[in-house]
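Have a look at these structures, which come just after this line.
In the two assemblies presented below, subunit A is common to both, partnered first by subunit B and then by subunit C.
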Partner chain A sequence: MGEKVLLIDDEKDFIETLAERMKNRGMKVSTSTSPIEALKKVENEDFDAVVLDLMMPEMDGIKALTAIREKNPQMQVILLTGHATIEKGIEAMKLGAADFLEKPIDIAKLSEKIKTAQAKKMILVEKGAEEKIKNILGGKGW
Partner chain B sequence: MPFKLVGEIGLKFFGKISASISHEIKNIMAIINENAGLIEDLTLMSEKGIPIDPERLKNISAKIIKQVARADTILKNMNKFAHSIDEPFGQIELGELISLVCGLSARFASMKGVNVEVNNIKTPIIIITNPFFMQTIIFRCINFTMDNCEKGKTVFITSKDNGNSATIAFGKLREFFESKENLNFPQKEEKILLNALKSEMILSLDTKELILNIPKDINK
Partner chain C sequence: MVNCKTSILIIDDEKISLKHLVRIFQKEGFDATGVSDGEKALELIDSKSFDLILTDLVMGKTGGLEILAKAKSHDPDTEVVIITGYGSVESAIEATKMGVFHYIQKPIRPDEVRHIAKQAIKKRELTMRVRELEQKPSQNLSSIVGNSSGIALIKRTIRQIENSDSNVLITGESGSGKELIAKAIHTTSKRKDKCFLAINCASFTEELLANELFGHEKDAYTGAMQTKAGLIETADGGTIFFDEVGDMPISMQAKLLRVIQEREVIRVGGTKSIPVNIRVICATNKDLKKMCKTGTFREDFYFRLNVIPIHMPSLSERKEDIPQLAAYFLRRYEKNSVKKINGFSDEVLRILINYEYPGNVRELENIIEHASSMAQSSQIELKDLPPDLTSLDSFTFNPDNQNLKTLEEMESEYIQWVLEHVDYKKSKASEILGIDRASLYRKLKRLEK
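Coming up: the complex of A and B.
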């Protein structure tokens, strides 16, 4: 099954076309032009990766990244920006972004980063499940 | 014109606008890039026997044309803005200058979720001033009003000819202040600009507007 991705960018023409191209590559894609609406989606649905624009009205990308990671610490967020400065990149990585890409995007690179993010998320989910089982077994005193 | 005093403020403004324009152009390039990529995808699919719907191509073409027009407007504004530094004094039409600054502020307004409406009078107001620093102070006034406007988030800009001077009003400021001191505007940098432009700024509590009074001829 293809990767489940959420695209967040206020440029409607950009995410509509990018979503179509990603669907052509077998991914399951949801889109949102509003970071506030996107946060609700993240709360109610699970995604393998979130692709998030750094500069948006309502809420900037760094704030949105923090909010997403608070709601779901395992969520893999790939940040998009017009200008990938080293400072912004470091800040984003410190806040837990999985990766950082500069616009215009190379779809092959983005697909690769989404696959990596999905694999990383699977490991985190498995680890989490393993720990839960360990805790249950330890707690029972068998 | 005390260029040394206002130079740093002007350079800061030039950098801010240039960075904003480059972000906009990058966004436009990203959209054109995706649409070109989509044509490539459709071509590859057609080579595998999936026919291309001409309507799809029409839609893609329309999206590209829209973005080219958007870039053209931005670059025309950028060109006018860049040339505003050419001469220390120039004859300008005030309404045209306000519209240009509004165009340059569009991305900032969008980021703040604010609309900007310009109501220029039909008769042109010709003034002689430093075009670049006049843009700088107008931009700062728009920015201040965007941060302090009433609910509904629309900034209204109107200009008026007063004979020897002209007025630009920015409104409506929200009713949050008990006194003008609370607004903390104009600050040091705006005061330097106002002095250089022989202009004054008034905060009108009655009309809830920020009013900029400028001379028709800075050299008189």
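Coming up: the complex of A and C.
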């Protein structure tokens, strides 16, 4: 089954190539060069994973990450960066990023991380459903 | 955990830096143990639980990540801080994913390490504290939402009967929250650590109810292969809540009256009476007094139950609580929803307050659940409400209103309203209005004049 992924990066060429390569691997890919526009997409559509560049002129990747998680706490966000520092990486992970990857991108590594993210999301969704049922069972006497 | 000395395990293959770290924490008054090799550390972790572990990342055979994994599997609440001279983004990410509290790069500054360690310990203490509190049932009455006079009176009554074992009879319409009150009475009483058993009398046949409540002896009837204790017996020391007690068969009432009066049960087919200590709370939406007169409810049973009467007002009797209740349910259902919803639009709130709620709080809860799953923005709008509720709005007649409308005004307003609702699609509107399109056009033309 194809994973549904949203790519967010301000470099148009980079994102198009990456999207093409991921589509070749059977994923359903949406792209966006503007984090603000991407936020709207996240609000209206559901994705298995969001791949997000850390450095963008319009909005800091960390800020975008917080905004996405606020809108949709189950969303799995993988951060990409050309110039990673340990501090940034830890900050992102603590803010709830699913993973962190350095450019240049190893496509095999990325798709593996997307698969893990999707699995994690499914568990979260299932858990949510389970809790709902538990609430119903616990809420009614017999 | 707060009282005993906080235990810290420090692992570093560099002897000098290990000694230095151990000294820092011993000075702070912690129980700090230093180990210089990974294998020994793993053994130590296996044998006892540490509050905090500080470990080097790159060591001989066993590295920091292995120690982290071991520590977390032994006790998930143990906090781990990794200290390293060879920091890389990859190892830092890997460690954070595994749940490391912090990742410090060498050379270390004593102040920084001390600060981070204290934060980690604080976090652990908080987690433990939260767990402790979660295990105890809530002892306050915050589960009862509302400040109206009716609710305030109920809260006061519950406080007053905290130390009492008297039976309680809760009356109120269906869906007004009788079980919630019963639970609150249980959790504020001295029986709070014992079980709370809710039984819906309407959902059992008489034989089944008797069997479940009193249990049976072996061979009491065909198929009774072994002795079974009844629910009343297992609830010994706790509270039993009989919901819809008005639907209990009259013969059952006699049996239960005996239990309440004599404080003992006899199993079906048994001869021995077993003493039980239970508190009985009953609830009903029926008028038991009237039922006593018509003979469908035993009067002696009624008087036994009605020691402390509590009347739960219907939601339309406490409209001032609606905004607070709506917000309470919204917070609950927002958790299940992927979106973040902040509140209601003024219009929605007005409709919610004006609605009559034949199904009481339960109906309000369902409305909010519906709305929160339909909501598309951060605020609940009119279109998110169940359709029958919004259509009701146009039919709310307010008798206090001085300028009452003529039929024609009413008609034109309704046509406008329907049109707005279907995005001005006239064919659809005429379908809803039950007139053909030509008539609709004619009426619209007349309205324009």
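In this text, the second predicted complex is superposed on the first by the 141 of 142 C-alpha atoms of A that agree within 3 Å, B and C clash if a C-alpha of one lies under 4 Å from a C-alpha of the other, contacts with A are read in each partner's own complex, and residues count from 1 in each chain.
The definition used in the following text is that a contact is a pair of C-beta atoms (placed from the backbone, for glycine too) under 8 Å apart; a residue touches a chain by one contact, two chains touch by 3 or more.
Not measured: the values here are computed from a predicted model.
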Fit or clash between subunit C and subunit B when superposed on subunit A: fit
Partner chain(s) touched by A:I36 [first = subunit B, second = subunit C, both, neither]: neither
Partner chain(s) touched by A:T85 [first = subunit B, second = subunit C, both, neither]: second
First (subunit B), second (subunit C), both or neither touched by A:Q74: second
A:R21 touches, of subunit B and subunit C: first, second, both or neither? first
Partner chain(s) touched by A:I105 [first = subunit B, second = subunit C, both, neither]: first
Subunit B versus subunit C as contact partner of A:I136, first or second or both or neither: neither
First, second, both or neither for A:P57, with subunit B first and subunit C second: first
Superposed arrangement, angle subtended at the Cα centre of subunit A by subunit B and subunit C, nearest 10 degrees: 130
Partner chain in contact with A:M93 - subunit B first, subunit C second, else both or neither: second
First, second, both or neither for A:A119, with subunit B first and subunit C second: neither
Subunit B and subunit C, minimum CA distance [Å, superposed model]: 16
Overlap of the subunit B and subunit C footprints on subunit A, listed as residue numbers: none
Contacting residues of subunit B [partner subunit A, same complex]: 19, 22-23, 26-27, 29-35, 37-38, 41, 45, 60, 63, 66-67, 110-113
Residues of subunit A defined as touching subunit C within the complex: 43-44, 46, 70-74, 84-86, 89-90, 93-94, 99-100, 102, 128, 131-132, 141-142
Residues of subunit C defined as touching subunit A within the complex: 87-90, 92-93, 96-97, 102-103, 105, 179, 197-200, 203, 241, 243, 336, 338-340, 376
Subunit B partner contacts - residues on subunit A that touch it in the complex: 10-11, 13-14, 17-18, 20-21, 24, 55-58, 82-83, 103-105, 107
